[in-house]
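Chain lettering (A, B and C) follows the sequence in which the chains are written, and residue indices restart at 1 in each chain.
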Amino acid sequence: MSRPWRNAIVIGILLVLAIAVPRLGLPAFYVSLLTQTWIYGILAMSLDLLVGFTGLVSFMQAAFFGIGAYVVAIGATRYHFVDFWPTLLAAILIAGLVAAAFGALALRSEDEGFIIITLALNEIIWGLAYQWVSMSGGDNGITGFLRVNVGPFHTTDNSGFYYLSLAALIVCLTLLVLMVRSPFGLVLVGARERPRRMAALGYNVWLFRYLALIIAGMFAAVAGVLFAYYNEFVGPGSLSLDTTVQVLIMVILGGTGTLIGPLLGAGILVFLSNALSDITQRWVLILGAVYVVTVMYAPDGIVGLVNRLMAKARSRRELSLAAGAAVGGAFHSGEGPK
Amino acid sequence: MTTVAALHDADALGETCLQLSGISKRFGNLHVLDDVALSVRHGERRGIIGPNGAGKTTLFNVIAGELAPTSGKVYLYGRDITRLPPHSRAKLGLARTFQTTTLLPGLTVVENLVLSLQALTPTRFQCFVPRTRYRGFREEALRLLGQVQLEHCADWLVRALGHGEQRQVEILMALAQRPKLLLLDEPTAGLSAADAVLVTDMLRAYRRDVAMVLIEHDLSVVFNVVERITVLHYGRVVAEETVESIHDNPVVQEIYLGGTL
Amino acid sequence: MGNAFYLQNVLGGLAHGSLLFLIAAGFTLIFGLMRIINLAQTAFYLLGAYVGLSLGLHGVNFWVAGMAGGVVATVVGLAIYGIFLHRYHASPLTALLLSLGFALIIDDGSLAIWGGDPQSIAPPHMFAESIHLGSLVFPEYWLALIVVSTVIAAGLLVFQQRTKFGAIIRAAVDDEEMARGLGIDVNRAFYFVFALGAFLAGLGGYLGGPITSAYPGLDGELLPLAFAIVIIGGMGSLEGAFIASMLIGLVNTFGRALFPELSYFTIFLPVALIMAIRPQGLFGRKLQ
């Protein structure tokens, strides 16, 4: 079977499974964990566009996630702005504008400087959410807004919300896959690997990084909007350093530069945090240890590890096939050496 | 092939491609370049030689826009480009290669060339259409590879190529920009003798409407490719001669102790 | 708002800045020498606070307990550096990502050992009183902390500028390759600076305890302040770290008093502006 066909079949099966989940009679708990996975998956993939493809380790992705969430909450509770699509659009737009401003500041430095600045910028947004009580409700966050139905999705029903987030995930994943396979995506990789060469070719490397930051911020806002509706609550935790760190761990655990890896990482974190916290209170400690081992021994994450193992198995098989063929050719025997 | 007639054509065109006036570059108290003036005509092939530390690479980086000169001006076809960043200079027709190969090793040969071909087109901003749709770029890349008999490696990863082939691809990448001026930073450095010949022949055979400026340690390469040579020494231009007359220049003989020439 | 208000907040701000300096000094030194952004730096602070707290509850002298907090943080820091981070010298990003993992582990480990309730730390007996000057009231301990931190800062500067080992470290910061070429044992300097950074943070944890108290998540709250300090002070600059610590302490304290809703904003807005105008910080050299 050729590779594209095999991939198409795998994707088809996964899709059917994902669609079937709410009808399999699983406890509602699992449906809600998967819903969270899809939402965090969008966020993690948006960060992967930066970390994995553009080579920008941004510590401010949580800010745009939080902005998306707060736009929903503040819009609904203060401005009676309750329709889904205008809210989503506003969230994407505002996140894009903030990303444009923050990106301009952060891209004045590179490498470590960039990391430190993005973390500081994230703190500005967190500080507003945490302390500007009259606007954001401070530590208590904002409640008092409800999920809204979106087209065919009856979101008040948990399985309806599941389908809404699954649909959002599929749209975002498709767009991001198209993007990394597009000419634009090629430029991002070039700018990551060989910025001097890219500049010499005529690419404005700064501009491409800047655009990537804005685009990633917009995707993060989509995840934030879903997150706010899902919980019908928004608090400063959604844009705290903790969230930034968790999302970064999702990306690294799953595998940078793969998009599907960060989605996997999101699933692992969501399920582990719930499953492990039933068994032990020390799940963060376990997560920390797993993460350290990953960074040290599988720096390209789970997807990278699987790819490497598969490539090894394939080359071993090809090697033994080739050896078998060579021996067979010489001795008219079907058996290769063991 | 470089013929006398071709040389005269270039002369007849006479237009100045690259002009440097009064270029100085200081790092702290260190004067790396000191009042360098240089003028390269349209289509000319110029070599810049000089001992280590003469300031050749710094001069290149000033021309390419990676370093701003402390004083002086850089003109490309009469236009002042002293303050333009490298990518804007590329848009005006300046291309370069680097001393160490800077291809993208994890991409295929064609993808590397496509990066160069799409650099100045609006396609580079296209986010939602797969790269494979742009067949025109691929065909152009294959055509370029055909010029150096490398079509068969089109879909190899760059890291699978030999050193000489990588250097050829890198020069192709620069030529794919359709530059008016090509800066070559030691194009044969680190190559075997046979690979160096490949690269030298490729440069000699290229169309005469592209000016080339090359830095090179291997003087045989310089003599094979260029027709005029500028000699840098401690950041100053100490001689500018044709290939034929440079052997007789006393200053040059002194710098090179008469040995390597 | 009279003079007393301002004086009180100036003192409070300087005291807060003093404890921040104990975190930021190591942070900036480690970054300056090894280019590692040590995200576990404030976890060392928390660890020191908890260790000191446990000893203090058993009647150990305040300063001895603080030193012990520093020593435990040093041991943990050396283990992290020697076993793990040390291998990633060529890849500061990997070291940063690893330090993040250790921050999580220390944070959650502390939660396991010392529980989740905030625990206050009493100042030492000799500075337990408050000073009354007219309408101005402030704890004596604030002054003590400011003095201790200033003395430590001065000591570090003298060490860096005047001793042979300090000269070695400065040489390694300037040009590591050349320092190695001259036969300087750069690795020893790495271990030493990492240990020193961990020690100062651990010590700071208990000395700062009477102001910040100790609770899970404190490390996450302090980390952005440490970042703000190195941004303002310049990465790698000890003097810069001291001045910036005091500035951040003052801005934070006044911000809370004057704009309680926007105090965080008042810290990070100037930081963002400094980034825009002078990415290398007020006292730092430009990053290559």
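We adopt the following convention: a residue touches a chain if its C-beta (ideal position, glycine included) is under 8 Å from a C-beta of that chain, and two chains touch if they have at least 3 such contacts.
The model shown is predicted, which means the values in this text are computed figures rather than measured ones.
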**Report entry** Chains touching both subunit B and subunit C, listed by label
**Finding:** A
Query raised in the report: Hey, which chain ends up farthest from subunit C, C-alpha centres compared?
Result: B
Query raised in the report: For the chain pairs A-B and A-C, which is connected through the larger number of C-beta pairs in contact?
Result: A-C
Query raised in the report: If you average the Cα atoms of subunit B and of subunit C to get two centres, how far apart are those centres in Å?
Result: 51
Report summary line: In whole angstrom, the CA-centroid distance of subunit A from subunit C equals 33
Query - Rounded Å distance between subunit A and subunit B, as computed from the means of their C-alpha atoms - result: 42
Query raised in the report: Okay, in this complex, where on subunit B does subunit A touch?
Result: 64, 66, 85-87, 90-91, 95-96, 98, 102-107, 111, 114-116, 118-120, 123-132, 134, 173-174, 177
Requested in this report: Using the touch definition up top, name the residues of subunit A that touch subunit C in the complex.
Outcome: 57, 104-106, 108-113, 115-117, 119-121, 123-124, 126-128, 130-134, 240-242, 245, 248-249, 252, 281-282, 284-285, 287-289, 291-292, 295-296, 299
Report task. Under the touch definition given earlier, write down the residues of subunit A that touch subunit B in their complex. Result -> 175, 178-179, 181-187, 189-190, 193-194, 196-205, 215
Query raised in the report: Contact residues on subunit C for subunit A in the complex?
Result: 31, 35, 37, 84, 92-94, 96-98, 100-105, 107-109, 111-112, 220, 223-224, 227-228, 230-231, 235, 260-265, 267-269, 271-272, 275-276, 279, 287
